[in-house]
Amino acid sequence: MAKSIRIGMIGYKFMGKAHSNAYRTLPMFFPGTAKPVMKAICGRDPQGLETAAAQFGWESAETDWRKLVERDDIDLIDINAPSNAHKEIAIAAAKAGKHLFCEKPLALTLADSREMLAAAEEAGVTHMVGFNYRFAPAVLLAKKLVEEGRLGKIHHFRAWFLQDWIVDPNFPLVWRLDKEVAGSGSHGDLGAHLIDLAHFLVGDMEEVIGMSETFVKERPIADSMSGLSAKGSEDAPKGPVTVDDATLFLARFANGALGSFEATRFAPGHRCTNSFEINGSLGSVKFDFERMNELQVYFTSDDADVQGFRRVLATDGAHAYADAWWPAGHTIGYEHTFIHEMVELLDAMENDRQPSPNFHDGVKCQAVLEAVDKSIDDRRWVRIDEM
Amino acid sequence: MAKSIRIGMIGYKFMGKAHSNAYRTLPMFFPGTAKPVMKAICGRDPQGLETAAAQFGWESAETDWRKLVERDDIDLIDINAPSNAHKEIAIAAAKAGKHLFCEKPLALTLADSREMLAAAEEAGVTHMVGFNYRFAPAVLLAKKLVEEGRLGKIHHFRAWFLQDWIVDPNFPLVWRLDKEVAGSGSHGDLGAHLIDLAHFLVGDMEEVIGMSETFVKERPIADSMSGLSAKGSEDAPKGPVTVDDATLFLARFANGALGSFEATRFAPGHRCTNSFEINGSLGSVKFDFERMNELQVYFTSDDADVQGFRRVLATDGAHAYADAWWPAGHTIGYEHTFIHEMVELLDAMENDRQPSPNFHDGVKCQAVLEAVDKSIDDRRWVRIDEM
Amino acid sequence: MAKSIRIGMIGYKFMGKAHSNAYRTLPMFFPGTAKPVMKAICGRDPQGLETAAAQFGWESAETDWRKLVERDDIDLIDINAPSNAHKEIAIAAAKAGKHLFCEKPLALTLADSREMLAAAEEAGVTHMVGFNYRFAPAVLLAKKLVEEGRLGKIHHFRAWFLQDWIVDPNFPLVWRLDKEVAGSGSHGDLGAHLIDLAHFLVGDMEEVIGMSETFVKERPIADSMSGLSAKGSEDAPKGPVTVDDATLFLARFANGALGSFEATRFAPGHRCTNSFEINGSLGSVKFDFERMNELQVYFTSDDADVQGFRRVLATDGAHAYADAWWPAGHTIGYEHTFIHEMVELLDAMENDRQPSPNFHDGVKCQAVLEAVDKSIDDRRWVRIDEM
Amino acid sequence: MAKSIRIGMIGYKFMGKAHSNAYRTLPMFFPGTAKPVMKAICGRDPQGLETAAAQFGWESAETDWRKLVERDDIDLIDINAPSNAHKEIAIAAAKAGKHLFCEKPLALTLADSREMLAAAEEAGVTHMVGFNYRFAPAVLLAKKLVEEGRLGKIHHFRAWFLQDWIVDPNFPLVWRLDKEVAGSGSHGDLGAHLIDLAHFLVGDMEEVIGMSETFVKERPIADSMSGLSAKGSEDAPKGPVTVDDATLFLARFANGALGSFEATRFAPGHRCTNSFEINGSLGSVKFDFERMNELQVYFTSDDADVQGFRRVLATDGAHAYADAWWPAGHTIGYEHTFIHEMVELLDAMENDRQPSPNFHDGVKCQAVLEAVDKSIDDRRWVRIDEM
């Protein structure tokens, strides 16, 4: 029988909701996996916290994360607090012997993320970082095709994560636009996912050069925020936007492939276009998260008269995690990437192995993020191993 | 505070899983709705039942549905047993004063479905039928556009539900291919959904004429079945397929629109293409369930140089139910149609109104199904009011 | 060296322009084919005719088609006059020993079309009918896949030809809406193409049943018409629309396949959606003329993890006629279907064989058109061999 | 009445065919435009030339371009010889008072292209450069939307031109892979088109930084080449590939927009994906040449519940050049871009204005191409005004 893992989670907004739902749902669809026990949820606002605890189904609540990480009845700390709090919590939790799940980006700086990894390794605990997009079955199909050599030698990886939620200059100044809290803008928020997918699907990068812009430099201060929407008044006093609205970069991979990356929140019509394409010597794949159940796949070896991108619907038993869900053609959604992620986490803990992606991947991502930042500051190519 | 509704559910396979998931998940995302309490699950096989009860999270289990419908601690009976058991259960449950949710098709015959409706009305209970596709936000957008007159007068409704899971002649003879149990094949299974969408979106039909075929008339007898997949051996003894593989029909609506319907399990490449298009005097909409978050929308009033079908992603606050989920562009999946369906059910019960769709809709659908069957037998147009 | 064929063409509007362009362009791209010599163009309005002759590049002009068909310097009569004139011209031309190309529909009635075929056969001349959509390379790929058995046994053919040019009730009453001249509306204009594609791709039909509607029964009388656009005033006196706005029908093919057909001019957003899908036991194909360079192709035999419709771009040397044009990926357009059609015509004449499609195909199409009409009048299934 | 322009054309392969077809076809569909007279075609191989002259319809042929540019009966010299011959011919022709059309890239170097422009300006002749993709009606719609401010302030331009014709390492070493003749590889061939589209649609660039690669460094020497296909033997001796297989770069535009460009011949499944997207403050557009009749258009001002990219089919009278062709929905192809291009050329000559794009645009494109090359060599950002 599968064992139980007792969870303490810090943060209860967008990611907290996604994680809670994953823990609630997982035991029903993946009964063979270790069972997550929703022990305690932690946040600073007692009222919001209590509501969330009741609504999401947590057994208890803590307003002080330090107490949470000391509790004896917790095995795993799930950190989805704002990015600037990740480091301190993760290190304290590791020292307390807790296993760790941390949302991306792992930390605000590469140095911080390395400290976190070191702390986790020293403590000998499990550590995972929340690159959830890896867990879409269509993305896992891309991974499989690359790994099995069915795309041949990889020549190109191009990826863009396009959103449009702040294109209106009167959209208020929310925490995601504040460098102190968020670390960076589209680069760390969206670009981080692309970088992780590049690492996952193609491998390490050698050098990068980037370009960045903040199109709207001041915005009305926000009243409140929830997910990616916010309330505010156009007449509110304005404050400075301190993060990038868009960041692009070019990369050269260790295996010789060329990479192109773009992250922006200024692409009208794109709600959540997390998209990549891989071109290899034997074939290509294309993915767009807005149609996350699909992977476009092309093989050069197809008969000459029927060559074309195949729209593969990754919803049947031939695809990762799909057997747990519905019959072929019955699609899943965004939240399922978190459920699969937690399956990987719990399975790794049960089997005493590190999950993938773990803090090593978080550090690697951070190194590229910072190399890109440095390349922008210095206006030159920056090698990842400089970092 | 929202009240609680205590549920007893009969059936624990494909639909049982979908409903259970809906009841589990609903309170977290729709905290303002009456809370479903998963009291008891019912099935004939004690071992399978016990496993399902534990896995899905039901408080208790019953192997005799008669016991279940008599239990005092149950408010609502959710019937997702095989179609041939619907009638007896529903009528008994109504007599016991239980509220009713019944999967589609409501019954094997129009007469049976009418009896069920009569029993429910006589008992004065809530009754709902499981046409879950109505609850995709993109479908609800189509409904809204029609109702608000934004498509003008409706001229055309064309719909097809295409699957491919039995195109292999060695796919085994499962219960869905047995008329005794399933009532009909693609017609009642898939066509029923199209008919309900037509009623929902366009209105009543006046007359129909159909055509039907069983392409593979004998199949190896199945060992086991789960969802739409099955296990069996090609060498197994064969048995007759007693339902239709495909049924098509034409319809004339009361409002003058022309309808075209096709349901088949013999369309390779279509895993679950539940698709419709509406053409009105002012615009058109197109839907395909394999991309269920999207509705294609066209307006004749758009500026002449930018007319074209718009790909609307029904994932933000402008769309029904979407606010409860994730930020714009973060899609939902098949299972969410059931969650929304149960929100409608529980909300209706809490507010003492009949939900939509209810047994009236189930009866109406059954009337068309049978009119089509009659039109096939008699090789002539059949008026719905003949039935 | 390729021989020359001297052409006399009757009609100089939409089709006359398409044919003229084909004759002008063909020798450059198909230098191995017999060379069309544009001898004479014929029409009733001397001024319009003269302009057309000069603009299109015809050597001479005739205002009386009877003169044209008697001219010694003409080998082939190309008839694209209004449908009600086809029969008389074709029979006279055949009697004069001229080879024949006739636009579809071949005639206003089945009886007329049979007379035309008989006249052509008696005269021993070449005869072709203008079902140009057969000649899209993507359609020819569908044909090839069917013929080579790569789709297996055909179970389904569904086709729809959707346009929207008369959805505005103030669009004027043009000749295409006048039964005397046009014979029928969307049925003969659009449906005829679908029927021919069905014959070409699937084979003969056994029986049909249809439904038809004229949504807008009166329209302002038109001032002028060109192609599918027209000028008129909303205040003009109104006249009756005497043809169908939309016609749908179901069909059973001789080989057991089921067919569904819909032709309408009331589908907003569809400028020229001439679309079909074929489902066989081993695969499927989908075509949409608005993306005429593409065929969607699916094979059940693809590896389980990469099954999906392939978007084949039929623009390279693996595809019919494509070698004559541009490099792979450089698309062709509507007018190229006529060029390919004329290649078939001229090649057939040069090699003393009947082209395909010829008057036999025109008669077969007419038989189905009329069977559908009869099925609508009699409200019953009509066998094609009744006709 | 429209005047006549007498043309002498140098080169008769891929581009020579496209231009000839344009000159042949133009008078029929654009009778109001000056009439091109196909006076003389010029090439080095007498036999190939004679065949081309006859097949394409040129009145005479010359094997020495110096003779051609001196002929009194020629008004315009159309240069589509290999890129390394452009400069000498253009300057000689200008000196002889001939008007000039030159295929892109204008020359092998920026210096050369400036000399060509100077020569043309000194001679006071008309000059045009062959950026044909501007002339797709869907691209012209993008231009119109930008110019009319309907997309607002432009923030992003991303473009990629993806082909796959040399991904096979045994594809032979053709002239396009030889730096001496072609100047560059995908950068000058494909990237040049993207750069011109960027100039046309967004405006001037300020600085760029690029990256380039030759994935396959040696190939078997080719026997023959035609268009983008070639014949050769895998056993043939190998020679070095001296041009880039792929070039990517980032750009900052003068108006503050960020640009991303990628040109490659190593993208399996992409036959001719010449694609761009523009994101402005009020909307977005997307184009893919493989579906050249379509533009995807998004407006932030659309009603909240029906926002989405519109698939606009630029085939009706609301679109540039479309009235000359077929009814709405009847598409055009690659070759039509050249016909429209020649309409612009001839109209400009008739009306004594410079056409657009002209040699200024060719020079501007060359400056960016070279700035990118320099940025690759120097591994740094290069300002366009350095060049």
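Each chain carries a letter (A, B, C and D) given by its place in the written order, and its residues are counted from 1.
In the analysis below, a residue touches a chain if its C-beta (ideal position, glycine included) is under 8 Å from a C-beta of that chain, and two chains touch if they have at least 3 such contacts.
Not measured: the values here are computed from a predicted model.
Participant: Going only through chains that touch each other, what is the minimum step count from chain A to chain C?
Facilitator: 1
Participant: Comparing B-C against B-D, which pair counts more contacting C-beta pairs?
Facilitator: B-C
Participant: List the centre-to-centre spacing of chain C and chain D in whole Å, with centres computed as mean CA coordinates.
Facilitator: Those two chain centres are 35 Å apart.
Participant: Centre to centre, by mean C-alpha position, how many angstrom separate chain B and chain C?
Facilitator: Distance between chain centres: 41 Å.
Participant: Roughly how many whole angstrom separate the Cα centroids of chain B and chain D?
Facilitator: Here chain B and chain D have centroids separated by 54 Å.
Participant: Chain A: which residues touch two or more other chains?
Facilitator: 270, 299, 307-309, 313, 316-317
Participant: Provide the residue numbers of chain D that touch chain B in the complex, in ascending order.
Facilitator: Chain D reaches chain B through residues 141, 144-145, 294, 297, 299, 302, 304-313, 316-319.
Participant: Of all residues in chain D, which touch chain A in the complex?
Facilitator: Chain D residues touching chain A: 155-156, 158, 160, 162, 164, 167-169, 209-211, 213, 215, 245-246, 248-250, 252, 256, 258, 260, 262, 264, 266-270, 277, 279-284, 298-300, 307-309, 379-381.
Participant: Would you pull the chain C residues touching chain D in the complex into a rising list?
Facilitator: Checking each residue of chain C against chain D gives 14, 17-18, 20-21, 24-25, 27-29, 31, 55-57, 163, 165, 227-229, 270-273, 289-293, 313, 315-317, 325-336.
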